Each structure stands twice: as structure tokens, then as C-alpha cells.
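Each chain carries a letter (A, B, C and D) given by its place in the written order, and its residues are counted from 1.
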Amino acid sequence: MLEVSRRQFLMLSGATAATLAVTELGFDPHRAKAQSQKLKIEKSEITPTICPYCSVGCGILVHVKNNDVIYTEGDPDHPINRGSLCSKGSSIRQLFTSDRRVKKPLYRAPGSDQWEEKAWTWTLEKIAEKVKYTRDLSFKAAEDGMPVNRTEAIASLGGAALENEECYLIQKLMRGLGVTFIEHQARI
Amino acid sequence: MKQTKNNTRTVKRFSKWVIYAHWMNAFAFFALYLTALPLYSDFFNWLYPLLGGPEMARLLHRFFAVMFILPPVLVLIFDRASLFHWVKSSFTWKKEDLKFFIAFPKEFFGGKANISKQGFFNAGEKLNSVLTIVCAGLLVLSGIVMWFPQYFTSGIILWAYPVHNIAFGLSVAVVAGHIFLSLGHPNSKASMRGMIKGDVNITYAKDHHGQWYDELVEKGEIKEDKSEGA
Amino acid sequence: MSYAKLVDVTKCTACRACMVACKNWNDLPSDSQAYGGTYQSHTKCDGKTWNVLQMKEYETSSGGFEWLFRHQACMHCEEAACEKVCPESAISTTSLGNVVIDQEKCVGCSYCTQNCPFDVVELAEYVTEDGETVERAQKCTMCDGRIQAGLQPACADICGMDAIVFGKKEEMKKLAEARLNEVKDRYPNAQIYDPAGVDGTHTFYLLAEDPAVYDLPENPKVPVSAVVWKDYAQPMGKALLGVTTMAVMTGYITNKLFNKEGHAEEGGQTDETDKE
Amino acid sequence: MTNHWNDIQHSDCMMVIGANPAENHPISMKYVQKAKAKGAKLISVDPRFTRTSQMADYYSPLRSGTDIAFMGGLIHYAINNNKYHKEYVKHYTNATYLVSEDYEFNDGIFSGYDEESRSYDKNTWTFQRDDDGNILKDDEMEHPRSVFQLMKSHYDRYDIKTVSAMTGASEEDFTQVAEAFCSTGTPDKTGTIMYAMGTTQHTVGSQNVRSYAIIQLLLGNVGRPGGGVNAMRGECNVQGSTDFALLFHLMPGYIGAPTVSEKHKTLSAYNENETPASGFWSNKPKFLASLLKAYYGDNATKENNYLYDYFPKGRKNYSHISLFESMYEGDIKGLITWGQNPMVGGPNATMEKEAMKKLDWLVCLDLWETETASFWKEKAGQQPASINTEVFMLPACGPYEKEGSVSNSGRWMQYRWKALEPKHDSKSDAWFAHNLYRKLKELYSQETSEAAKPFNALAWEFGEGEYPDVDLICREINGYDLITGKTITNFTHLKDDGTTSCGNWIYSGFYPDAEPGEDNNLSKRRDDRDTGMENYLNWSFSWPVNRRNLYNRCSADPAGKPWSEAKEGIWWNGEAWTGHDVPDFGVTTDPAGEGGKNPFIMLPDGTGGLFATGPADGPFPEHYEPYESPIPNVFSSMELNPAVHIWKGAHNRRGKFADFPIVATTYRLTEHWQSGSMTRNLEWPSELMPHMFIEISEDLAKEKGINSKDKVKITSARGEIEALAMITKRFKPYKIRGKKIHHIGMPWHYGYEGIATGSIANYLTPHIGDANTMIPEYKAFLCDVRRVET
């Protein structure tokens, strides 16, 4: 797919010497264990991404092991950040590891004071029905003698952290439905 | 005062509260010693598993620390006179006491020394007591600082460690000598009885605590012992 | 070869990436603290938060205003008090100069936390190999695993402003000197902080103001108490123990040799006759 | 951004105003630092002393909402001290143009104003032309009707004394800034302006930006390395989502959305009325036809006008504020939010929360339960039983659990690969859009109703999988040559005859000349070798056509030579334009030939507009006070921008200085992001900034008896919130027209969901927006503060 050139290791002659010394003096299993624990990114799968926060567009490497994100760091090859990040960018590991993520579609019935977990199929069907019902009821095909093909009863908000392809899809769907209340964070 | 079957006469030396206190204190000391040993030197780290890990060792150390502090309090409550007597005599030093130390090494290493007559506590015991009181005081005070550092300034906290350490070293030395003299040294073995039963053989009293013996005789509390002194 | 982390506070923008990168690499827990009335998140370094970005509003003597930032973490003293006082030899200085705590050896006695001249070591929860949760002394290790493998410490790696740089100590020293010249105009009190009292540190600073302004000790030292304790009391104590033991043993042997008849019968008999 | 992040390092002076990059775009400071290492100066102009200010060489305070006064002062200073770049101004701007005799400006009002509709008829904001339609010019710029002279007289009122009295910047601070920044008005130097929402979130937001553009044009800083007018965008893809028209008034690629009007009645009417005769926009019909082909696929033909009729036509302003006003009125029944959290981020959130109750249904896609998704909860201050809105909270997957591209502020379209499968049962937003489409298509497929027709005509060819095929979306965006089936080379190949399609013309070229199945997505490029001036032409893709610095023709002098060696951009080699960047110019357009000196090819006359005919509120930026102002305007008797729309109603009260005597502003922090759902749900950023606070000066704290860490109550005409007091030396009371005015500030990140929680600052802000963009005025409003007795 792509090649991520690894970070240029600092050439630490001391480090090499230290390792040698350890081997020469005989193997210290305790220390060896401590070390293998510490270099946790060994053999992780690395995927480059772009920071989801501000728009400087820093590159980040995501280290995955056993379907878990074990570390995230600045992409050393990225021409803008060259391996560095700010405190937000350094935090994106927790976007995955957080236990606060919404796990399943949630539904709140009218008047209810709680969520109910639902399956995606149910949720999608229900939302599609709502969209269609609202749209059909409010759809205006013509106005002032010209075709307008719109609904003003549905609004779509957001997208500034979504990908270009997603934005394209969303606006295409919304305009295809005739939605005119299309807005996102750029306004606010 | 009671007569034993074989006519060995004894004289009361310590009250039961003193005895309880002594052994409780002694036990606590060793328990403290053992629970602290691996921390004192990692040579003894093998003790940690036996103690149930460092956390348990620390907990036990604190438990025994309380046990260590308790005895004087108990004596103070139940046998104030003995406590005061002990403290007072420990800190009262006379010429004879010095002579004791001149003669003592010979005695210690198995020779026959001509030791001047000693009181209820002989000079050796007095020294032991003084050192014990001082060391225990230092250990307790520095220990309290280490246990509750939040109530002390950092200077005090920092000095608590060496103080605890020094007092510990000293007290181990003192205790080692004390134990040897009461257990290991043939000439003092009899004194163990004093700390177990509370009374001692009159002969022993005469040999080791001549002044006390004289006082007792003078007061008529015992008859003069005719046997040969050791 | 001696390595060091140079913290050039004049370059720092206080983004605090170093704090997050540290937690990220070292898998440290978060620790939200009570509101302190400023932007600073944690009052000081501790076992859960190995580096803290200090943020200080400071009016200079000439009436100017500076918002001073400082990445604070373990200084990795050349003469490390923590290492000196550790009774378990759990703390050691590696060949690169960083001071590390072996968590499996540490027993949580907190001697090091009391003796650190910079107040950075603290006890914190640690899960042992057996899955047991215990309190262990923890602090910045200078990302020992990383630097031993030739990587930079996570905080230096993440810093976008090169306010934290890592390399050979001599080179870092030269860099610091050069930077000092550059920033003197803006910060007349700027100075290098590599305290001699602890024989230099492996995290050292280019400060914009006097150390005291940053709550740093002017002349940090291994505490005298620790020296007395570890260099005198403990060896003497051990010697005393040895001497006593020797004396007791000798006493025992000599008694066996010269005092065979002794007075042993007295006590012995007494004990036996007691039981009636 | 006209330039890009790495380019900042070429600057000699960086003015940060209305922004705080050290906190909100931290890595940008890497390039500020690089520039500073070469001797450049950093200026920070901000109501409070920020982390950026600490890094700056010069800091000047400025009362929120007085950017135009400040910039007007700079324009005044540059002109009167002869600091402007004459060659540049003469050739590359419209300074020499003669303005219509009918244009006038009087006491804060430009000609053509209609008080009733609060709008301008821009007919008089035009240039004098000869009989052939050529604009009349005076190359010496001395003609009293020349743009230069009109501008000079317009800003005559903006002398240092007045500017200082209005902005609160001391004369010394202002002069320092003016000297430093205007020193870049020479050919060998460039200066940049870095701005963000501190600039745009005002009733004069667009004109704030205009004022920056004017000073930059005057100093010859636009289109040159280390120069530019650089908007630092707040979100990773706010650039892209704007480019892709997630805004009511646009179609993808900044083609204006058609409206209900005679001008837009048919495709030909639209093309006729919206296509300029010259400049690059003269190709608009090709872009639009190709866009409609992308929307409706084979259903769109030349004969049916590419189904232009099916494209929705709006009849009003549908921007954020009016959206919530309509919702409040009960006109909007359903709302879908894609990772947006208006309950925290929306202005006058107290009112917006009320509006939400009127919804029949609400769909929220997010990684976390947001304040918007849980607006009906008791902790939101609601009675759930009385709210009948059906709410769907859909778990969205994280940014590296899916793939696609995002465009940064420098317009670099960068690809993000998928690192691992979505967590739990979460799905990407694309998945939801795709599957919602398919579900709706199922429902509509058998219908032939008026409503069904346009929807059924939509082309949706993104594969048969559960997820839409991102590669197919990319190709559709780039566009196809429908004859060969290959992706199109770039937008210069687009046609209006139905043989090309293109989902977003400005991006066209990022996926060039690819056969089906052949991957040629340039946003995936990772060659990080410097191709000159750190433009990294082989890293990712930058729209348009991989150009890194816009208007880069300006980097060369009129003859085509670089202005200075250190500032090389592109240059004329005798036959063609070449250099470190993709020329923003006809590659073979000879500087000596026609149009050879007109660098702004997107504009009809090719020159930079010192006098602009586009804005709704005047050709020259003019200072007006914010909606809620502490002091009368000194520059004219117009207090508020006369062209802004005022929303009436009890829910949008206007605070008076007598009741609310403190100026307040809102801002962001390094440690949190936007409405906070993406950071307040994470432990690490939360522990760095766990508490909602307000920053107040020591002076105000003393006056109000507030101690550090006290809980305080902040009230505005619209709401009240509680926060913790941060008493700081970084805020000082302002001296405005001789009067002491207090100023406070607060972050707007907090809400009641997440790990770090706190009051919602937007309960205080008003529903009023910029005259052009309707961006709300979050940055300047009035409030009062008092200590909460505990």
C-alpha cells in the first residue's frame, strides 16, 4: 500500500555500548524484560493519518497491535510537523481507547428520559421513514413559476471534521433530497 | 520471697508488669528488626516473600511499632514505681559503675574479674538501659516523623531517616550485647529467671548486685547467703 | 557517553504536548486536579504525571511582563539523591546518564520521594507482574526504553518548538551556550541551569529568569542528612553490627574455652527446680 | 490561507491578529520560530495576552471588535509615511482605477443605502469606463477619484490618536506594531497576516478580513513567499467541507447556489447572470454542467439542461442563525448533525436549546454523546417528559477507523488511511449517508411523485458494498472524461457539452488520467523532499492544480523577475513561467503582453481589490461598533454595521452598557477543541484543562471583590453562567475614549457531557451575524460579572 519510512534513529554510541556491556557481563533477564516492555511499538502495525483537530494538517502515525491502538506519534516524514504534535494531536490514541465511545445506535422515544440501544437496521429504517415523511410533507416542487424542488423542513449541520469524500456524499444526498438548510462549522 | 525445694532461696526482682513490658518490647523489637531488615540492606530482600511483600512488611513494621511504644505506657499505668525506679537508677551514675567497666571485659570474655559491688541494676544494665531508652526514643520519634511526614517540615523528615538508621544500628548492638549477657554468657544466665519468673537466686543477687543484696539483707528482707560467691 | 535533555524555556509555547506524549508512551493514568486559578494543570510532578508544564505570570524588575513556561520533569542528577538513599538498589543511573527506577525492585519505601532535591519522585499505583496493585516510586525515566533503542524521549520527540532537545551532553551544553547568547537581549537574566551541587543534571535548562522565579533551588544538593545517613551512619551501623556480632561470637567462644566450669549450673538448676 | 504553513518561515514580519496560533494552531509556531530565527518579528494583537503574545516581539492589546480601527490606522500610517510598495500597488491592485463619480461615503454610510432593508444598492460602487468599457486609470494615483486617493481620504480619520482612543492600544504599542509591520512594504521584504475566528466572528467579520487584505496589498505582501492573508482554519477539514459546499449558499467549488429568482430560473439564465466576461470564472458554465453531470449522471443531458431544474433553489438566507430561528418558529421538523454540537457551539445557545424542542426528530452522528444529542435531558435543564423529539444517537467511527482525505488550511488535500476497524458498532459518516441513500431509494423507487423525481434522478455509483467505495467517490470528485472513461486531467479540460463530469472543479486534477481500476490519487503522495522554498510539490495535492501559494504571479515584478532573491516564487524565463510553485497564471502569458501584469486571474480585472465591489457592507472597510458596544463610535454616527440583519425577539435581547458594563470575548484553548466533544471525552486533554473559567484583570477582580478561584456568575442580556475566576495580569482594563472599560474572556469549549465539564459560554452570546457571511458575533458582547456567595 504505502511505505512509511521509519524515524531516523539517533545514533547513540552509548546505547550500543550499553547493550554490549550487558551482554558481555552476562544476561540480566530482569533488565531485558523491562526493556522489551518499554519499547512497546516494536512490531506494531503503522498507519499514517492526519490530525483530526485543527487545520495545520499534521501527520500522525497510529501504532496498532492486537486490534488496539498502543501509541500515536507525530509522523517524522510529514513536511509540516516533522514528528512533532501539540497536546491535542498527541491525544488521538484515546479516540480509540476511550471507554466513553457510543457503542450502539441509541434511540430516545418522545417524552422518554432515557436511551434505548437499537440495531442499525431498525435505526436506518426508522430514520429513512422519518426523512421521507417529513420531506414528502414539506416538499415544494415549484415556486414563483419556477422549479425549486426543495424542502425547508429538514436541516443538515456539520462536517468540518469529516473527510472530503464524506462531505461530498452528504451534500450530494442532501441536495438530492432538496434540503436547503445545509450548514456546517465554517459558519460558526 | 519463696523457698525452693532444694533450698535455693530467691528474691523478688521484677513485677509482672515490668516482665510483660520487657517481653512485649523485646518481641516488638525483633519483629521491627525483621520487618525492617530487607529495607535496611537488600542483602535481606529474601525476607520480603516471607513477610508477605514490602507493603505487608511496612504494615507489620507499623503494627509492631505500636507494640514497641506500648510497654512503657503500660508500666506507667500499672507499676509506676518500677518505671521511675528503673529510669532513675539508669541515669544515676556513681564511681563504682566506672570500676565495673574496667573489670567487665575480663568477665565478658570468660575470665574472673573482681567487680565492685553493684546496685539493683549493675552498671552494665544501666548502660544498657540508658542506651535502650535513648535509642528507643530516637527510633520512636524519627519513626513517627517517617510515618506521618505530612505533619513535619522537610528538614525534619530528611533527618529522621539517618536518625532512625543510627538509632537502629546502635540498638541492635546494645540488644545483641544484652541478649548475649542474659542468654549466651554463662555468668549472667541466672538473670533470665528474673525476667521470666520475676525473682532471682540470692547467690546471683549477691554476686552481681552486691549493693542491692546488702540493702536487702540490711532491711531484713533476706538472710545472708553463706554460699561461695561465683 | 553522557546524554542530556536540554529544555530551552524561551522556545516553549506551553502547548503541553510533552505532558500528553509522556502519558501516551508510558501509559500513565490521567489525574485531573482541583482548579488552581491559573492555566497550570498540575501543581507538580508526581508518580502519575511525570512532567508538568509550569506556567507563571511574572512581572520583571524593569516592569515588563512575561508569561513564563517551563517543562518540569526529573532532572536526572549526576549525583542522584534518590539513587543514594534507595535501600533496595532499585534506582540506578544508566550508561546514558538517565536515572531509572526498577519497579520490580522498588518496595515503595518513599525514601527517594523525601530526598529528591527537586521534588519530582512520588509514589503511584503500579501493577506488578503478578497483577497486584501496589504503590511504587515513579518518575520520568527519560524514556529509558526509547533512548536505549536510539529513539529520543517522547517529550523531545513531540516538541514542535525544539524547546526540548536530546543529545550528547557536551553538544547540548554548546547548544545551550549559543542559545543563551541569542536570547540575552530579550531575557537579560537568562541563564543555564545545570546545578553543580548535584554534579550537573541530565535534564538541564536554559532559563529566561533566575531559578528562584521558576521555584527551582539555587543550589540543589544531595541533602546532608542523606550523606550522613548513607555515607556514614549506614556503613558505621553495619560495622557496629559486625563488631557486636564478632564480640558476641568471640565472647561465646572464649567462654566455652576458659570458663567451662562457670556458673552455668546456677541458672540451669534454678530453671529446672522451678517446676514443682 | 493564500499561502501555506511552511511558507510562513519566509516572512520578515508576522502579524497575528484575531488569532492565537500558539494555542489553536500550535505547530504553525514551528514556522514562526523558523522565521524568527532569521530575524523576523512576530506581532500579537489580541484583547488579552496569550501564549502567542508571550512568543511575540511586540504585543498590542486591542478591544474586541476594533480590528478595522486598528487596520485603518495601519493603512493610514503606511500611506502617510510612504511605507507602501509603490510598484506593486500600481501594477497589481486597482489603486489606479477611477471610481464612479456617484460613489460617496458619508458619516459611516456608503452610497446606495436603503435603511428599510438594511442593505446597499451597489450600483455606485463601480469604476469609470471609457466607451469601449475599459476602466479609466490614473497611473500616478493622484486623481481625486482614483481608488488610492479615495482610500487615503477614507482612512484620513484613522490617525494614531483616534485609533488608540477607540481600540485601547496605546499610541506607543500601536506605533511599534505599525513600524514593524509596515517595514515589509519594500521589494525585498514580506510580511504575513495570520488570522482566525477572532477576525471573522464579528458583525464586521468580512470587512475585518478585507482590511487585512488592503494593508497586505499596499505593502505588496500578497502572492509572495512569506506573505499573504492567511486564515488559519479551526478544524481539520473546514477547508474541505467549505470547498465541498456544506453551506447553503454554495455548490461545490464555490459556484453560487441557485436561488428563486429570475436570474436563476433556468440554467442558461444562471449562466448568463453569474458568469463574468473575463477572469477564470468565465469558465463557470463548464464547471456547473460537469457538476450537474456528477449529481445526476446519465440522467443529466444537454437537452434537459443537466437537470438543473431538479437542483434545489432556496429563497432566503439559510445560514446557522436563521436555521435556528426557523427551528424556533417550528418550521424545521428534522435535523441531522454530522459531528456538530450546536448546543455548545451555537450562538445564543440558550435559545437554540429551546428551538431543538420543536423538532420532530433529530439524528446525531458522533463518537460521543454530545450536548446536542442529550439536549432533552434533565442535566440540560429540561423536562424530558415535555419534549417529544425522537432522537437517534448514531455511533460514528473515529478518524483513523476509516479512510479518505482532509484539506488543511494551506489547501493540502491529505489522505488518511484506515488503521483499524471501527470500534464497537460504530460506522463512518459516509457509511450512514450511503446507506440512508439506499434505504430512501428503496422507499422512493416505486414512486413517481413530484418529490420522488429529483431524488430518483440522483446518480449514486459508489459500489455495491456495505461501505461506499471511497475510490469511486474520489474519481467522481475529480471528474471523468465521459468519452474515454478515464478520470479527467484537470478542470481546464471540463466542458459544458455533457462529455465531462466533475464533482468539485477546484479539486479536479488530484486524480488525473486514471483508467478504471488504476490508482492515481495524488492526495496519497508522500514524497517529503523539498522541491524549493519548502513547497513540497510532490507531497499530497493542493487545490487548485497542486498550487501551493495563490496569486503567485505577484512573487515576480511586473517584468517577471523575482522581487528579491530570498523571495523567489515563480518567474518568467523568457518563454514560460517557471519556479518553485505551480504558476497561478497563464503559463505562457508574457509579462509584456496583454494581461501579463494582472496577477489575480480569478478576478474579472485581474488586480487586487483595494476598492471592492463585492461586499454587502461597503467597498472600503469602515469601523462600526459591535452589536453590543461599551462606547459610541468615534468615526461616524453609525454605531452598528448598517448592513447587518437584526433578529428581533425576546430570545435575542440586546444588552446595554448601563446594565452590562463589561466587554466579553470567547476563545479556544490549546487543550480543547471546538465544542469539546472530541477532547472533553478524552482523559489527557481533560486533565490539562479540567475547569471552565473566566479570565479577569486584577483591577476588575478588586472592584468586584472577586478572589482567585472564586465561583463567579456571568450574565448577559440572554443568559447567565457560572465559572471559576482566573485573575490574571494578562488582561488589563482598557482606556477607551478616556474611559476605563473592563474586558473579560472565557473559553467556549465546555458543556455538561464528557469528563471535563463546565458552563456553556454560548448561553451568553447573541444571535447576530456578519453582513456578508452571517458568521455570529461571538467575539464581542457585553456582560456583567459577580462573585457567587458560597
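Simple rule for what comes next: contacts are C-beta pairs under 8 Å (C-beta built on N, C-alpha and C of every residue); 3 or more make two chains touch, one makes a residue touch a chain.
Since this is a predicted model, take the numbers as computed values, not measurements.
The fewest steps needed to get from chain A to chain C, moving only between touching chains, is 1.
For the remaining chains after leaving out chain C, touch-based grouping gives A, D | B. A summary of chain positions shows that the Cα centroid lying nearest the centre of all protein Cα atoms is that of chain A. Interface comparison, A-D versus C-D: the pair with the greater number of contacting C-beta pairs is A-D.
Centre-to-centre spacing of chain A and chain D amounts to 23 Å, using the average Cα coordinate of each chain. If you average the Cα atoms of chain A and of chain B, the two centres end up 72 Å apart. One simple way to say how far apart two chains are is to compare their mean CA positions; for chain C and chain D this gives 49 Å.
Averaged C-alpha coordinates put the centre of chain B at 85 Å from the centre of chain D.
Contact with two or more other chains is made by residues 81, 84-87, 89-91 of chain A.
Contact with two or more other chains is made by residues 26-27, 30, 670-671, 683-685, 688, 755 of chain D. Chain pairs recorded as touching, per the definition above, are A-C, A-D, B-C, C-D.
For chain A in complex with chain C, the touching residues are 7, 9-15, 17-19, 21, 30, 34-35, 37-40, 71-74, 81, 83-87, 89-91, 93. For chain D in complex with chain C, the touching residues are 22-23, 26-27, 29-30, 33, 49, 51-55, 670-671, 683-691, 693, 708-709, 724-730, 755-756.
By the touch criterion stated above, chain A contacts chain D in their complex at residues 1-4, 45, 47-59, 62, 64, 67, 69, 77-82, 84-92, 94-96, 98, 100-113, 115, 120, 123-132, 134-139, 141, 143-173, 175-188. For chain B in complex with chain C, the residues that touch the partner chain are 4-6, 8, 10, 38-42, 45, 48, 53-55, 57-58, 108-111, 149, 154, 157-159, 161-162, 165-166, 168-170, 172-173, 176-177, 179-180, 184-187, 189-193, 197, 201, 203-204, 207, 230. On the side of chain C, the complex with chain D involves touching residues 11, 13-17, 19-20, 23-24, 29-33, 35-39, 41-42, 49, 57, 59, 65-67, 69, 160-162.
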